[in-house]
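In what comes next, chain A is part of two complexes: it sits with chain B in the first one and with chain C in the second one.
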Partner chain A sequence: MTTTRAAARAVTQTATRATTRPHPLRLLALRTWLPVVLIVWWWLASAGSRSLYFPPLSTILETLQHDWLGPGLTANLLPSLGKFLAGFLIAAACGIVFGLLIGMSRTLAAAVEPIVQFLRSLPPPVLLPIGILVFGIGAPMNIAIIAFGAVWPTLLNTIDGVRSLDSQVRDMSRSYRLTLGQRVRYIVVPNAGPQIFAGLRTTLQISIILIVVSEMVASVNGIGYYLLNSQQTFAVPQTWAGTLLLGALGYVANLLFLRIESRVLRWHSGMRAASGKDA
Partner chain B sequence: MTTQPTTTEPNPGAPNPAAPATPPFGDVLLELEQLRKSYGSTQILDGVDLSVRRGEFVCIVGPSGSGKTTLLKCMAGLLDPSGGRTVFEGETVTEPPAKLAVVFQDYSRSLLLWMTVAANIGLPLKNKLPKAGRPARIEEVLRAVGLSGKGGLYPWQMSGGMQQRAAIARGLAYQPDVLLMDEPFAAVDAQTRIELEDLVLRVRQDFDTTVIFVTHDIDEAVYLGDRVIILSGAPTKVTRNITVDLPRPRDQRDTKLLPDYARLRAEVFELIQAAQSHASIA
Partner chain C sequence: MTTNTTVLDSGAALRPSPPQARRRRHPAATSAGRFVLGAGTVVLALAFWEVLSRTGALPPDAIPPASAVLAEFAAQLFLPAFWASLWATLSVALLGLVLIIVIATPLALLIGLVKPFAESTWFLVEFLKPIPPVALIPLGLLLWGPSPGMKLFLIVLGALWPLLTQLVYGVKEVNGVATDMARSYRLGWWLTTSRLVAPSILPFALTGLRISAAIAIIVAVVTEMIGGATGLGQGIVVAQSAGALTQMYALILAAGLLGLGLNAAFRAAEKPLLFWHPSMREEASR
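Up next, the complex of A and B:
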């Protein structure tokens, strides 16, 4: 286990140079050593297991490879990812667009705020029965449930972000006679950016939850469907494999999201670092 | 008040705020006529009269809470007056005029943090200047305020003084006929303030701009202005209109050693004190 030893060395070296930023490789080692240790421990501890509920990790990984990288890729994984992505993007777009409108118009805000507050208080899974009635079983229903359930954090954060605009910035944009389009593009949206992204992050998490839940009850393919089906047929390695896969997908999705966020909000992280709020 | 020779009105009991300035200045550029502003039952401005000629540098001083910012916003078309009007280049102001720019008090709240300084300066130019002409204009004003080559920085990478320079550059790039400045140096340290005062005098010369400068600092007002307008406490009126006939170019050391400077400064000080004590009695 050279990796862990390198990691251990990295830990001590980082500790002695606590004030400087660790080298990227060292940082990577620092982050990966615990997962590696856990996986190795699981592998060794479960090797030769005869328990029905806790099959060996090797069996689980074989199942994972067979079910998800073989025919399962097109049968279950890609449909799930497609529905998830569609639902998330619809939620994100609706949240941002309506958030901008509501945030900028007091009249509209007064008119729709009670409805928004009511709808967002509904736990998203509550909508499953009605969703099935309206859309039947399948992709449109899954996407609709994700979009409807996950839109709220982005919507509310966008409204809040738009309203947080400093009065002096507003005066500045008026006195320099910026057009409405310029104000939205160069001032309102970037100003709300950090809050919009905070909302999108929650929207992303809810989307992942809802794709699984909605596929469990109302789909004929996808990860959620596979997961519940395997559990009901006592295909325990499959259940474990699906769970691991979901964890990995959520992790990767979050990682990609953070990448995009730090790109778009580079000014914000730079500013926070400059003011010493974030190291 | 023992000395009067430099005021435009020899009789201190009958102030004449709209009195014309001395000859070298051009036609009337901006005029306030009985400007009133009240919020609910609270009256802030109580009939302010003021006339600014092309090329003048007019400082407006008043005790704190005398509605200086309200007055400036009414001049800039950012606030609708409750009565009276602002006339800019012959037209009643109902919205911010295209040939007027404002430098706000708090630079950290008026520069956009998500844009570089060059982009901040370029934003108001989008409706004024074709794209190809913008970089040259931006570079020109950056040089004028001593920020040559700093256009790529973000405001939060700069000191307070540099940020206010950038805000001034944005105003200059807009090529306004009049630059309104609302206590622009209130938040910077003394050394930077001195530098920025001279910077404003210099760019005013180079860009041939009319400046209306709101401040609570008596020294600053006398040092910078061709005239100093003294406001009463709220509800605000113009109490006095003092011509500052100190020689130009002004110099931080030599100008402030002049007996006339000391006398003007004392006069403004006394008037402010009087306004303040009157306000606190009322």
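Up next, the complex of A and C:
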């Protein structure tokens, strides 16, 4: 009976939503007019610019194409992306595994709490000097900094997610005598899933910050190196181009992540829609 | 196992004497037990670090012993220069937070309540949100040089989004069945605002503000490290290039404690403000 009621509610909700939602074309126009106006304004206002700091947008785009679509792609962009991915994946894996372990043992959680809280509160870039001392300058150091600096949001969210398990479900899994492996696989991980992904998204953002900063401070290639180098040599169009590229990369990485999240957590959004929590 | 004690904790007052009650309490069940466990691990970790560094298992020219770092940290506490750089970092971050609140509040109200405004700015906000704040540092340095104003600008631009996003969620949360009910009960403007709007938005605002504060500190420290504006970040880089290792570690420790203190301040503010919220109830019953 509850299911039919929930279904009915879902139907009425979609119905009302359909009536209030503007026509797709109108929506598109509404969403695009401001960015288009801004870009056109930037283009026109900077077209004849002789200012050292604000070069014409056309010059910036030419630099972008010249520096990043040719040899720059393999020389600077790919190494950055590789280091970023490696660091992010290590941080994600460590965060989830240790988070599960700590979340499932109260003794362990109480024991590591102060240290985890301290390391979580540490602004990750201050680890850079230590990273340089221990690893020297190069890719291993960049990856280590990302892994160590970005792991905390995922770790803490995984711990919280594991702990948030409903006590009834916990009791039931005990009376069904699920083995530890089954409990983790079918109860603990799905229950913590949404929170793990929320943590992973923050880890992703911190990873992007750290790859840029670590390359600025200690690297001989990569986007961060290029960006800081062009700033220090007063190569203004290059600085603008690098900034635009980084913005675009951050945007794309976030978009990809959201795609993966909605894929993995499909069951969860379906459940929320059915129970009407997401209204 | 853990399950036993959790059930016991929440139900001990209700159930007269379940058979498990006679069992010894879990060490992590009381706050004193948790404190001992936590403090013990900290001491153990420091001792471990000390031993590893003294025996040379860790490269001593990269990681000095824990005792030396702690002694240096204690010495720093008496130096006015240390407090000056700490204040340079903290004050700009706090000023940035104030600016962020001033900017984000009207924006969130507009986005949350005015549909055309929300749709028009949707693309712009979604594009600006994921841009890493540090990407703008070189541009900021180029345009303004290593000044507090540049630091402030980067902080506002980088740390605005968490608060804005959370506030928009909060404003949207208000706009629902509860508003209809308030209207049919004729609560009036003041009662609706104080009893419905503010309590619905507050948890979101505090969450957003906490994340924004963390990012503000990160951006402040990074601009100091790279741009050379005065503050903790600059102190760390200077100590590193001067080879003053213990001082560098002491300053890193201070940066961590600063973040920890800021976090604790937010937690302390949450308790009286959000005592009614489900997340707090859960915490209290734990």
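Just so it is clear, the second predicted complex is superposed on the first by the 242 of 279 C-alpha atoms of A that agree within 3 Å, B and C clash if a C-alpha of one lies under 4 Å from a C-alpha of the other, contacts with A are read in each partner's own complex, and residues count from 1 in each chain.
Following the convention adopted for this analysis, a contact is a pair of C-beta atoms (placed from the backbone, for glycine too) under 8 Å apart; a residue touches a chain by one contact, two chains touch by 3 or more.
Because the structure is predicted, anything quoted here is derived from the model rather than measured.
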Chain B versus chain C as contact partner of A:Ser230, first or second or both or neither: second
Touched partner set for A:Gly48, first chain B, second chain C, both or neither: neither
First (chain B), second (chain C), both or neither touched by A:Asp166: first
Chain touching more of chain A, residue-wise (chain B, chain C): C
First, second, both or neither for A:Gly193, with chain B first and chain C second: first
Which of chain B and chain C A:Met216 touches, first, second, both or neither: second
Which superposed partner A:Gly181 touches (first chain B, second chain C, both, neither): neither
Which superposed partner A:Trp267 touches (first chain B, second chain C, both, neither): first
Chain B versus chain C as contact partner of A:Phe118, first or second or both or neither: second
Contact residues common to both interfaces of chain A (with chain B and with chain C): 171, 174
Chain C contact footprint on chain A (complex, rising order): 22, 27, 30-35, 38, 53, 104-107, 109-115, 117-130, 132-134, 167, 170-171, 174, 205, 208-209, 212-213, 216-217, 227-228, 230-231, 234, 236, 239-240, 242-243, 246-247, 250-251, 253-254, 279
In the complex with chain B, residue positions of chain A that touch it: 166, 168-169, 171-172, 174-179, 182, 186-187, 190-191, 193, 267-268, 270-271, 274-275
Sites on chain B touched by chain A in the complex: 73, 76-78, 95-96, 98, 100-102, 104-106, 109-110, 112-115, 123-124, 126-127, 154, 156-157, 174
Residues of chain C defined as touching chain A within the complex: 2-3, 5-7, 10, 26-29, 33-34, 37-42, 45, 59, 61-63, 116, 119-124, 126-139, 141-143, 176, 214, 217-218, 221-222, 225-226, 232-233, 236-237, 240, 245, 248-249, 251-252, 255-260, 262-263
